[in-house]
Amino acid sequence: MTPTTQHAYKLSDLTKDLDVTIRGNSDCVITGVSTIQMAEVGHITFLTNSLYRKYLATTAASAVILSDTDAIDYSGNAIISRNPYFTYSQIAAYFIDRVQLASGIHPSAVIDETATIDKSARIGAHCVISRFVKIGAHVVIGAGSVILDHSEIGEDSSLDAHVTVYDHVTIGKRVKITSGAVIGSDGFGFANQKGVWHKVPQLGGVEIGDDVDIGANTAIDRGAIENTVIEEGVKLDNLIQVGHNVRIGAHTVIAGCVAIAGSAVIGKQCMIGGKAAIAGHITICDRAMVTGMTSVSKSIREPGIYSSGIIGAVPNHEFRKNNARFHRLEQLIQRVKNLEWSVKKMIEEEKND
Amino acid sequence: MTPTTQHAYKLSDLTKDLDVTIRGNSDCVITGVSTIQMAEVGHITFLTNSLYRKYLATTAASAVILSDTDAIDYSGNAIISRNPYFTYSQIAAYFIDRVQLASGIHPSAVIDETATIDKSARIGAHCVISRFVKIGAHVVIGAGSVILDHSEIGEDSSLDAHVTVYDHVTIGKRVKITSGAVIGSDGFGFANQKGVWHKVPQLGGVEIGDDVDIGANTAIDRGAIENTVIEEGVKLDNLIQVGHNVRIGAHTVIAGCVAIAGSAVIGKQCMIGGKAAIAGHITICDRAMVTGMTSVSKSIREPGIYSSGIIGAVPNHEFRKNNARFHRLEQLIQRVKNLEWSVKKMIEEEKND
Amino acid sequence: MTPTTQHAYKLSDLTKDLDVTIRGNSDCVITGVSTIQMAEVGHITFLTNSLYRKYLATTAASAVILSDTDAIDYSGNAIISRNPYFTYSQIAAYFIDRVQLASGIHPSAVIDETATIDKSARIGAHCVISRFVKIGAHVVIGAGSVILDHSEIGEDSSLDAHVTVYDHVTIGKRVKITSGAVIGSDGFGFANQKGVWHKVPQLGGVEIGDDVDIGANTAIDRGAIENTVIEEGVKLDNLIQVGHNVRIGAHTVIAGCVAIAGSAVIGKQCMIGGKAAIAGHITICDRAMVTGMTSVSKSIREPGIYSSGIIGAVPNHEFRKNNARFHRLEQLIQRVKNLEWSVKKMIEEEKND
């Protein structure tokens, strides 16, 4: 990425509202952020992962954000923080190169006359805003997004290009929705009558709380009767499937390519790893962590870390052997039974001797 | 979801064309649908899952759709059906709040002069309809959808917003395609020549039968030489990948996030669970059921229920132990072999004694 | 697919620039391509998979592309090639039915005045091209695509309909991007402060090399600090997730529904099977092959074929037994230990006798 604007801040400017301590030259000028191993003079970087501590001695960065423990070994300019990654996230915000777009409605957008759009909002080119939609203050709607009847978008939210919001979807404040996401599509409900599947009308909507982030090409289905609910502060990565009637508790994070089947209820402050699958109609309690690729087929009732399957990619010939052994487990059990019988018999015979 | 229109129907109106029996007050007025546990006065609900039978005694619903067996225990107004969920799907259709859109072509749509569009069809804002496309009677095309050269859409079908239909795709009648779906993208075919991959032209199209439903962000590739075929009545959920040359048999349902590799053939009336993977070039017979997360790597030749892998998320420390044991199976087999040898020797020695 | 234009080429025309030998009638007229089993008179076909050799004796094709070994058994018109599938890919290109679109900018496209668009490029209906974007010679941008600030698209590349390219994305020459793909969305980076997740600004961009193909609804996140990089000749199938800071080496192919977590580095000329998952921060060396559904949780350091998990869908009752046996492995190990103890004791007693 070629930076297109010039940034230059004193260290003291970058930290003025933060709960941190500067050690060293607070007038030092910072022109960009970098990783610790790639940093050049003028850059600020951070240290949170111990794997990277080895670079601390040699980094060319003009300042490093780190914990007080890590600061002991470092003699350069330091920003000492109890949560260096969080501090980095606050400082990095000064180096965003995107242009703040002016408010207003692009002339190519198609807006229904019954829609209510705050005058501080920005509606991009080729957007379509349908009947009775409400768009709050400072909302930004990216090019080509479509928002259907009666949906509402709370203040300071942003939808990137090509987002689809169906009808009767309620979106909170400061929500960010990434391109290709589809919110409020019909759930997968069909009734079988004599071998033919008939659509079950999906009458619920979707409620999305404040401060939710939704990734690219993620799909969230509307409820069958009641709403699908994504509570405040939830973060969803890309290509996630959220089935109808699902509820995801506040401040839960879900990594990419997870599938959540209909009517599953996920607690608050959970962490779900990439490519996990959550079965329908089950419940996951608050503060549970599910590792990547895990298939959750029953409810989880205690906080903790949960996993399933077999991990570890091995050479294919080894994998084939493991696989064959697995499928011959019954045979192995039978051999152990036979041994137990023989040994028992021998022991008895010995006694009889 | 806040209902935006008022619905009020007598029980007898809701059932007038249905193969059901009303028990109780057929003039009872119904204003909405609900789940059995959340129903209020004025609501109609249904009972199909025995887990919810406990709510039957206390539900506030004004009427319940149920089987004759379940009706024995219920004294309120009842709609007795041989297939309560199917009956519910028919009654729920009265409570859909979406406005029927008027026919016509939105002035912002870009329509090629060679396209043929029935005058009863509705083409939404910012749609693009290319050369020689044919759109049948009562078709609804959502905002921003794109339909490319020579594709045809049968009568009463609906495409939601942001659907992409490539060229030479044939779509039947009463088909529903959800936002973000891509139909007819090039299949993944490359020939390797000296370490470099060269594109193999994808010359086939896609045929989609009548009454097919396609979920959000699902992708269906066109055939390499012949067509990819989705037969009538197939229901595809969200985020499904259908590779080139695949054939899916009539009335098969496939849940979210399934991947179907190229040239796989799936039979009629199959059920494929969420996140399953179907290998390329294999065949699945009619009426097979594949459970969620299963990897089908060989053809299935008999109807039945098929599964693979290890299920059951367990605490991570337990999982790590299981995993380690699995990878030491060979060692275990060796230990059993050693035991067998020792025991055999002991038995022989005993005989010799 | 009903062909809409008539093709007719002499065999010698189709092969005039190719490194092949014609055997038989080089004036034979070819009107289309087909599979070996479905070919009719006038068709050319190919043989690469030995499973299809049985059709060689009876195919009605007017010519067959095959290896010199396979040609021994065939008496018809033959194109003899050292790489029949590659030769097929070159010949099939003559039978593409898509119309070459004229250059120019559709009047409905919205183009920022600071964008630079080569006059040989074609920009489709309802496209949005933002500030300082550069579009090279002969580029084709499909209907409704959106390209944001400072992104660049190299000559001869094509983006199909509904592609989203965020800001500061650099795309090479002859790149093909399929509908619904999203390039440059923010990576999934959040810092937790007191139970609440805060967005970490994603300041990197995306670099896509020459000759890359990207499938439908695939999402490629921008880097957190440095760029996400897809090197030249990479082929990505549909519905793939590429996390932030990932690097994919030249001429690697990745099948559908693969998830690649942030900061993973994949080597050159790798092959990753469908639905595989690659953990974050790991490295896969050049020329590694990962089979479908495999979960790569550690770095791979040697070329070879790698796999994980249990394969083979079996009848569900058998699967349930296997699953139960797996979860009782500890018990089995205990039984083997007990046997070992008993046998050892018996052997010792025997000695003592």
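Here the chain labels run A, B and C in written order, and each chain numbers its own residues starting at 1.
As a convention for this text, a contact is a pair of C-beta atoms (placed from the backbone, for glycine too) under 8 Å apart; a residue touches a chain by one contact, two chains touch by 3 or more.
All figures in this text were calculated on a predicted structure; none of them were measured in a lab.
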What's the contact topology between the chains, one of line, ring, star, complete, other?
complete
Same residues or different residues: which describes how subunit B and subunit C meet, taking over half shared numbers as same?
different
Between subunit B and subunit C, the Cα-mean centres are separated in Å by 25
Set of subunit B residues in contact with two or more other chains
108, 126, 144, 162, 180, 217, 239, 257, 309-312, 314, 326, 329, 332, 336, 339, 343, 346
Subunit A residues touching subunit B in their complex are 108, 110, 126, 128, 130-132, 144, 146, 148-150, 162, 164, 166-168, 180, 182, 185-186, 188-193, 195-201, 203-205, 217, 219, 221-223, 225-227, 239, 241, 243, 257, 259, 261, 277, 279, 290-291, 294-298, 300, 304-312, 314, 321-322, 325-326, 329, 332, 335-336, 339, 342-343, 346, 349
What residues on subunit B touch subunit A, complex-wise?
1-2, 4, 33-35, 38, 83, 85-86, 88-90, 92-93, 95-99, 106, 108, 124-126, 142-144, 160-162, 176, 178-180, 211, 213, 215-217, 233, 235, 237-239, 251, 253, 255-257, 269, 274-275, 292-293, 309-316, 319-320, 323, 326-327, 329-330, 332-333, 336, 339-340, 343, 346-347, 350
